[in-house]
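Beneath this line is the structure, given in structure tokens, with notes to follow.
Chains: A, B, C and D, in written order; residue numbering restarts at 1 for each.
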Amino acid sequence: MTTRVGVVTFPGSLDDRDAQRAIRLAGAEPVALWHRDKDLHQVDAVVLPGGFSYGDYLRAGAISRFSPVMETLIEQAKLGMPVLGICNGFQVLTESHLLPGAMLRNNHLHFICRDQKLRVENAATAWTSDYQAGQEISIPLKNMDGRYTADRRTIDELESEGRVVFRYVDVNPNGSINDIAGITNAAGNVVGLMPHPEHAVEPLVGTGKTDGLPFFTSVLKQLVSS
Amino acid sequence: MARVVVDVMLKPEILDPQGQAVQRALPRLGFTGIADVRQGKRFELELEGPVDDAALARIREAAETFLANTVIEDFTVRVEDGQ
Amino acid sequence: MARVVVDVMLKPEILDPQGQAVQRALPRLGFTGIADVRQGKRFELELEGPVDDAALARIREAAETFLANTVIEDFTVRVEDGQ
Amino acid sequence: MTLDTVKNAEQTPDAAQPWAELGLKEDEYARIREILDRRPTGAELAMYSVMWSEHCSYKSSKVHLKQFGEKAPQSDAMLVGIGENAGVVDVGQGYAVTFKVESHNHPSYIEPYQGAATGIGGIVRDILAMGARPVAVMDPLRFGAADHPDTRRVLPGIVAGIGGYGNCLGLPNIGGEVVFDPCYQGNPLVNALCVGVMKHEDIHLAQASGAGNKVILYGARTGGDGIGGVSVLASETFDDSKPTKRPAVQVGDPFQEKLLIECTLEVFREKLVLGIQDLGGAGLSCATSELASAGSGGMRIELDTVPLRDATLSPEEILMSESQERMCAIVEPGKVERFLEICEKWDVIATVIGEVTDGERLEIFWHGEQVVDVPPRTVAHDGPVYNRPFARPSWQDALQADAPTAERLARPATGEQLKQALLDVAGSPNQASKAWITDQYDRFVIGNTVLATPEDSGMIRIDEETNLGVSVATDGNGRYAKLDPYTGAQLALAEAYRNVAAGGAKPLAVSDCLNFGSPEDPDVMWQFAEATRGLADACQVLGTPVTGGNVSLYNQTGEVAIHPTPVVAVLGVIDDVTRRTPIGFADEGHHLYLLGD
């Protein structure tokens, strides 16, 4: 049976079709999930895609977090279902407290779109097992509110438990604490990051690299072997 | 130090997409009975000197020319009470 | 109709680049003597019913769970005076 | 409160009307009276004045634009030509592509962020209204000198507005231009282009036919946006109990537009739409009169059913409101329910505001009373046409003769001077990297961007199986066009054509945005006439028809016009995007060839 990976569409989601394509290219079956529908339709994992859900009005992710699909998703994530939040999806994950901390406006106050180098700090999560710890990858970054922050205690906890999954290399594009680009929960099934792996899965389009594909093959392997 | 607050709101006739999005979300979260929501900006300015008329006049000028975009926004300047 | 205002500001320990950008620009525009600027949000809520304790308690809850993200922000709720 | 009904207008033929304040000329007002055989009502006057404005009626440029049709080269690719919201070309494999470039210069000068943002919003709705999914945007921009205070005032807002709106809509920005020249001080140019893709059978047109079919207005509520001018009318016909000051500025809501796109594409997919028009300049006046005029039969609208943001709006104001993010669709009665369901799914407000009739009039009612009764064609298509005088400027010869002499433009004599000259060129704002601007735009979203900044043209894959793609480039050079508008326009076309070809695509079609000064100045009118003639001639030679575009006049500060600035966009097709040629050296050892002389 093929592995089913859901992609939630909120009003204003933009990279949902891109995430579906990445899942397909990795060999799984993408399943479109709708924000108003509580049912996860028997998916094995879920991607919360990038975009401007609800226009990023109020705060990025603040309104989507209360959608019906999130109720079920929060339950399932706590039971161990792999969940990946990309950019706006990461913002939804922090707003719904599946991941700690919060996202602030970039310190330079501009939207930024660039090819961003990252270091994979933790290759043991559901979404990073196809990378090597310490490996450097390059994938697009594009956001307005990407400055990750949390209180000192939370940061210390994330650092000491190895829960910082990605760090910006060369340039910190938004003023994020400790160059943090992505984090995971304690169980390692929920991962959020600001840059966009789904835009780096084909040599032809985007930046012309495929450094993002292992996200989607990682989760596939983990699901098949479990 | 003295604090002056400048509130900047979109003019009433100007579309406020953010306020609208909040207003529409509130009933879904179980908060009813709210007829309208407008979202604006609040600036808190800490002054080095005293908040006299001259200082307030200058802040009003800064609000007019810089903090607010008077093509679409209104502003109010007030000294924070309870300081 | 009654108006309730919710002010949301970043917690003091959180860096506020918007406020800083304003603060840095002010002297360039000729406005000196301002030691600090913080920028936050102001929500104006028009209530359908009266502003009683129950209504205020509900708004406080909406602010706590929704209008502010208390990981990074503080808020205050108050009834607009002079209405 | 007295409502100016049709009946009232018949009974009070001599009532004074503010036609001059609304920008109508005396003979134009007389013509309206002649068409209606009575004085117009306030609402009718509002409609005619806005639809007969330069912006909507092209009254000064029409006679010249005709050439684009008359000289159009024979092209099998052309599916829909000039006259619709945007032209459509066949790109093979059953796909059709639509694209158009438009200006939002004046609004962007007044309120840079919102002006530029709503410029993107407007062109995207034009493309959507053709039945296409918008897939990319571009933004040719012109500013005053880089270090001028006015540039500092407008540039950050314009760039943030284009990014803020386009990024939030999820449309990759695949190219554009940034040019600095003092002639644009006080009059920046904000042109915006959108490309959309559809299957041939999905092409939709703006027309209302079939008596009994419903007119549905959907999207944002209608507010007092952009109706500054018509307030004079409102205060004429109403007492003064309402707010008289109306905002001339429109505020965009890109989130609403994103919902509008998805919702519209879904109603297209289910074949629920017979005709469709976006609401842009002139709002409902334009949408209702154009839909009715292009269809067969008439239309009846109940204006009081329009959902309002501001309950105090008068009928005149509702008709002229330029509130953004609205569309108007013609739907068979049996399909209305499903249409409304899909709108509800996307949180989009939708309302039946009227229906197609078997008459020949556009009739609009307000609380049961008739306020408009006009032949729609006279509003939408039979506006005034001017043959404005033009003449080669007296200074043109002197300007052309004024070639830089050796003293005025000394050649570098030493290595040091040469180095300095190189640094000066590389460091000049027009030549320096534009990444500080383009990094604020999302060029990756949708995952089909094959080429974007810093490439010569933007390229988008439109079919993932076959790798079919399209490419677009925009170019324009006001300095060349000022020296010689005829050749300058041709150079703009040639450059965009080369940029598309250089990426590996075959140029197919042209869209243009003609930015000029006041048409009432014979010098400017000559520039306009020459530039259109040049462009039409060059299109004929290259075999690429103009499929649509936009004219922006009155770009001037006081008496001083901007350089004539025709911005030309060329669309090309490439049947396999893996064969695109990016700029830059790919591998060591490759050879360099110079083509042409």
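Everything that follows uses one rule, which is that a contact is a pair of C-beta atoms (placed from the backbone, for glycine too) under 8 Å apart; a residue touches a chain by one contact, two chains touch by 3 or more.
What you see is a predicted model; the values in this text were computed from it and never measured.
Contact with chain A and chain D alike is made by B. Chain centres here are Cα averages; for chain C and chain D they lie 39 Å apart. Our note on geometry: chain A versus chain B, Cα centroid distance of 34 Å, whole angstroms.
Each chain gets one centre point, the mean of its Cα atoms, and the points for chain A and chain C are 30 Å apart.
For chain C, residues that reach two or more other chains under the stated contact definition are 66-67. The set of chain A residues touching two or more other chains comprises 54-55, 57-58, 66. Each of residues 253, 255-256, 347 in chain D touches at least two other chains.
If you check each pair of chains against the touch rule, the ones that pass are A-B, A-C, A-D, B-C, B-D.
The touching residues of chain A, counted against chain D in their complex, run 11-12, 14-15, 17-18, 21, 50-52, 54-57, 110-114, 140, 142, 144, 196, 198-199, 202, 204-207.
On chain D, the positions that touch chain A within their shared complex are 160, 163-164, 167-170, 253-256, 258-259, 346-347, 438-450, 461, 464, 467, 577-578. Those residues of chain B lying in contact with chain D across their complex are 10-11, 13-17, 20-21, 24, 69, 71-72.
Contacts from chain A toward chain B in the complex involve residues 54-55, 57-58, 63, 66. Chain contact summary for the complex, chain D toward chain B: residues 110-111, 114, 220, 223-225, 243, 245-247, 249-251, 253, 255-256, 309-310, 323-324, 347.
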